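Below is a structure I'd like to ask you about.
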Amino acid sequence: MHKSRTLGLAAVALASALAVAGCSTKAERAGTSSAAPGVSDSTIKLGVLMDLSGPFAGTGKTILDASNVAVKEINAAGGVCDRKLALVTRDHGYDPQKAVAAYDEMDPQVLGYLNILGTPVVTALRDKIEAKDELAGLTTFASTLLGDKHLIVLGATYDIQTINGLDWLVRKGELRSGDSVGHIYLQGEIGENSLRGSKFAAGKLGLKIVGQQIDPTATDLTSQVNALKSAKVKAIQVDSTPKQAASVAAVAQAAGMEVPIMGGVSTFATSLLTTSAAPALTEHYTRLSGLGALGADTAAARKLAAAWTDQYGKAPEASSGVVHAYAMTKLYAEILGKTCEDLTRPGLLKARSAVTDFTLPGLLPPQDFSDPAEPSSREAQVLGVDKDVFAGVKPLGDFFASDLAKEYKVPSAG
Amino acid sequence: MTTTHGAPELRVEDVSVMFSGLRALDGVSFTVRPGTIHAVIGPNGAGKTTLLNALSGIYRVASGRIMVDGQEVTGLRPDRVVRRGVARTFQNIVVSPVESTLDNLMVGRHRLTRSGIAATALGLGRGEQRVHEARVRDIAEFAGLSGVLDRPAASLAYGDLKRLEFARALCLEPRLLILDEPVAGMNTAESAELARLVSAARDALGLTVVFVEHDMGVVMSIADRITVLDFGKVVTDGTPEHVRQHPEVISAYLGAPMESGNDQVAERLS
Amino acid sequence: MTRGVEILLSGLSLGLLYALIALGFVIVFKATRTVNFAHASFVLFGVWVVAQTSPHIGFAAAVALGLVAAGTLGLAVERLLLSRVDGRKHDALAILTIGVNVVLTAELSWRIGERVLPLGAPWDGHVVHFGSVVLPLSVIITIITVPLLIAGLAACLRHTGWGLAMRASIEDREGAALAGVRLKRVSAGAWVTAGVLAVAAGIGLASFPSPGVAVSTGTAAIKALPAAIIGGLDSLGGAIVGGLVIGIAEVTVAEYQASLSFLGRGLGDVVAYVIMICILLWRPSGLFGAKEVSRA
Amino acid sequence: MPETSRLRMAGRVPALCALTAALVVLLALPLYVSAFWLNMGLFAMAAAVGAIGLTILLGAAGQLSLGHAFFVAVGTYGYAFLAGESGGGVSGLGLPPLLAAVLAVLLAGVCGLLFSPVSSRLRGIYLGIASLGLVFLGHHLLQNMKPVTGGFEGRTVVPLSIGGFSFSDQADVTVLGVPFGAAESQWYLFLVVTGGAALLGRNVLRGRPGRALRLMRDSEIGASAMGVDIRRTKAAVFVLSSMYAGAAGVLTALAFQRTVPDYFSLHLSINYLLMVILGGLGSVGGAIAGAVFVVTLPLLFSRYADSLPFVTGAGGQGLDGSTAAQFVYGAVVIVTVIVQPGGLAALAGAVRPLRSRRPAEASTP
């Protein structure tokens, strides 16, 4: 009884304390919202919302590290709009609820979002981002996210990458009209997006797509590959996790299928080269990317690889993740640079469309952001596995955009 | 306490119960006359509890019929049997240990009350509960549980628990009461007290009572009629005097003429 | 024809691995009436140990170490945690295993991250040809080894003191206790066995053609849960049947995914549960589970 | 017993005081704290509603369900579909949001009813794993029923509006100088719904159905011998718990302002389970406390990771906040089950022995 009374008193006391202390601050804060958040005379703060503890913690850390390499470079070169860039990082653990909480908490502190990772997270946040007129860079290549000026999808989208990949296989003579192509894809944005591309390309090239949808947790892809084998496919397109792609390559080899395996941009991890799948990967697997590889023999790639090694020692798990996050940071700085006199959220959105020819020679083909409904580029590059190059992959040719890819209409009309 | 219904007759006709090929009850037939207290005795494994479970619908009857007041209850689910005015207690006490005695008794009013989940959620049916709580308190007082109504059942003494089960069965306002070893584990004074309660309940409420019991003192003192089971079959059926003198009973289980309250006999039978 | 044989054999191999995991569920359930929700992390822990040590001490020694480690983990969980809870509170025990799973998974995911750790098994990368049928060597090894393992387990249950005690305590817990069976040892033994079975299955799952150990390796345990339920949680034979049913169903659904597309894509994960619910509707305790005799 | 009841009354006065004070704090909070705290509160309250349903199902009736996430999803998508407009690749009925919310709850109830052939027949762990199947089935449907669910991208959620007042950022309301956006106005909405859900749940548990459920949990045969129709009761309580989950789903939809398909996973089901276990089975207050704990712990850990010892902030090389939260979370579950199986409610009961009349601990005879 006594305890309850004390508790009651304490609660009343707490309430009145809050009334006195809190009242003014929130009302005040509400009153002084004229200055853009995250911008001071000396710094511009950008948000980074990553998975640092969940299933994609590795990717999240890589992106964060690569962003930091770029920020360091930018700041060393004098910053943007006479201000230094600063990152505010929050972890969402791939949990949309955590992401919303983290967003709510960091939102008053940042001008925009340099990078957000994770489909469910973007899904949970996109309406909020739109409502607040913010600009957010995304780590995804889903063409379904095009058409929203608040979101930046950097590079060729999954569907366009896949179209380019199939076109490349046909041009190389690995595939001809009438052949079947197996497509193993994850359920969700990557898979469905890529499938849209492969179906388009197949229709144009006279190929037949044999689809096999998989779950991200599937570990043994024997049955899927065997199904493709009995469908007598001449090539396999894979959009899965790196481990699953490795499994596909290994199973296919085990099953005696000597067919090329074309992997989507996110199907490779450096550590796969230490596993039993390494020979199969080296022999049959190639990967598509709208971005350059760290293992490329270009000055920009060598410079970035050196900066990375300098800072973090060993090669990253995801080479494309490093290039993407690095390029995204440079791009964001470029956009900021176009609106120095209006460092606000709407100003940033306007400046985005002004970027029409952004490129990092040797790392990134030219990108055009003037129309949010169009992919910023339709060029992709085919990469091959090589144990001896930095991070395990190297380009097998230049960036190219096939005629099919140019002709293709992205689904962002709606 | 007043009686509302006439005591029913229970007829068990050629009832058999099978357990994975074994015949636990084999053509059991007997009749319990309205308003009597009827004991079922027999050695362990004779099928006594099986019989009660068959009567209350817990076990499926392989063949035969069970009639309560001329209406067949064979094959009905336990809760349907309850609706025919049949209530029972269990040999191993079945109560909610963390619930108070009062709440345990109130469960007995389940079939007599109506308020379902939706109504209860909306706070309706409180009046109904109040009316029934009054009646439950009366029954608790009759059973000598008034002092422990607010205590969790788990904290009650063994004798109180046995009486709680008995009182809860009365809360169903049954016409036929089935008791499975109502005094097992009680001391002599407690047993006598519960036996008195059973008789008093029969008289006051006009019940028909069927019970299984090993305590021959209690059986002989309150039973109007006794059915003896062994190996799932009826050995004999009749008044206490008849059973006491039945040669098969004597030779098969007793070895000596049965005396009321004979400890040796009780031991032999239990 | 060739294709049918391949489907059957790979389904069989996958099914046997599920069966091993399901057996782990069943044996723990038989001994403690609890579903071990930490089983997924047992699988992952064991293969992680194997993958960590095999480059240094060789595959065979690593497997032995992994088996010992997972067995020890099972024992530790049982001795340090479960034995402190009232054994009759089955739900509480199940929740406890969820807690254990949360901690172990957090630790292992943190350590493994997104890496794929090679297992270093000698059969990695090898395939076998039987006429036109091509199969990974690991499938053949699974099909041969797992039945041997199961037979060994069955022999253990039949002939060793622990097995007898285990069976007695399942028949009648109190009776067995009175007869001098040490329930503690039965339960501890079951947890050790479950750990060992988990690793054995995990090695199969992480073997070629799977590239190695990743955080997702443990999730196979969740797939084996319906297998254990289909057979009946307290039936060892049922676990094997359940595992095979799920394994073959999964392979078959993948094979015919194209013609099943009217049911939506990605049916493979649902099919196990659909089969399970259908079977439960028909037999609420699974195919071979002991029916609870209703006795209050 | 006038003496005891007087004692109880005397015990209630300070408790009422505490309750009033707590209420005052809860009502005043939106005026003072930022969106981070308010949204955390919204998630916690949404979870609390679902947890109350589960504590009735598991705590009172002893029916284990791992399918709670499925019914939460039904509520979320039911509301999004019924209230939403067609367009952008998804269809919707465009019903008034309040009506849509009520119908979404009923829809979850209907889904629970459709599952009754299973839920009325099984018990314990078998029901738990059978209902786990629903989560996977639900996941499959979410991905494939695109016109309704929007597939992996989810769909926008129409804010709730009652009598022209919209619980969104669009409502141009200022209270004491504080602009009332979605978080602020929804805070009150959620408080009312959670309070109502708690009251209804308490009534059910204390009344006739609650007593029948608890006896059924302790002994199905005993309950059926009291005239309780076991199958019907199991089905009914499953429907009730599904409706609670549906309501939680509607609240979740409103809190996110968008449907997020990946949220409705096995992980969510397990979280609900842990809420009711940690809170104390069969206790409404415990379920709420458990929900608050389970929802806020990881959010707070992530938020304050920088200031905790042994834990590094985002991007650091050591143990990160979320992993640390997982450790604490798992450890709390383990310790709770071992030390205090009755959960937070029993802990509170131990502090206030007067209220021991309704202990929350679930045990079998």
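All chains are identified by letter, namely A, B, C and D, in their written order; residue positions are counted from 1 within each chain.
Throughout what follows, contacts are C-beta pairs under 8 Å (C-beta built on N, C-alpha and C of every residue); 3 or more make two chains touch, one makes a residue touch a chain.
If you're wondering where the values come from, they're calculated on a predicted model, not measured in any experiment.
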**Prompt:** C-D versus A-D: which has more C-beta pairs touching?
**Reply:** A-D
**Asked** So which chain is the furthest away from chain C, centre to centre on CA atoms?
**Response** B
**Request:** Would you mind pulling out the distance in Å between where the CA atoms of chain C average out and where those of chain D do?
**Result:** 32
**Distance from chain C to chain A - Cα centre to Cα centre, in angstrom** = 36
**Request:** Using mean C-alpha positions as chain centres, tell me how far chain A is from chain B in Å, no decimals.
**Result:** 72
**Multi-chain contact residues (two or more partners), chain A** = 53, 57, 187
**Fill in**
chain B residues touching 2+ other chains are 58, 90, 92, 94
**Request:** Note the residues in chain C that touch 2 or more other chains, in rising order.
**Result:** 109-110, 265-266, 269, 294-296
**Fill in**
Touching chain B in the complex, chain D uses residues 1, 4, 200-201, 203-204, 207-212, 214-215, 217-219, 221-230, 236-237, 240, 356-359, 361-363, 365
**Request:** Could you pull out which chain B residues touch chain D in their complex?
**Result:** 56-58, 77-79, 82-83, 87-88, 90, 92-100, 103-104, 106-111, 113, 115-117, 120-123, 125-126, 129, 149-150, 152, 168, 172
**Request:** Would you mind writing out the residues of chain C in touch with chain D in their complex?
**Result:** 29, 35, 81, 84-86, 88-96, 98-103, 105-107, 109-110, 222, 225-226, 229, 233, 264-267, 269-270, 273-274, 276-277, 280-281, 284-286, 294-296
**Request:** Over in the complex, which chain D residues touch chain A? Could you list them?
**Result:** 10-11, 14-15, 17-18, 20-22, 24-25, 28-29, 31-36, 38-40, 43, 87-89, 143, 151-154, 156, 169, 174, 176-179, 183, 255-258, 260-263, 295, 298-299, 302-303, 305, 313-315, 320-323, 326, 351-352, 354
**Complete:** The residues of chain D that touch chain C in their complex are 58, 62, 64, 117-118, 121-122, 124-126, 128-130, 132-133, 136-137, 139-141, 143-144, 219-222, 225, 266, 270, 273-274, 277, 319, 323, 326-327, 329-334, 337-338, 341, 362-364
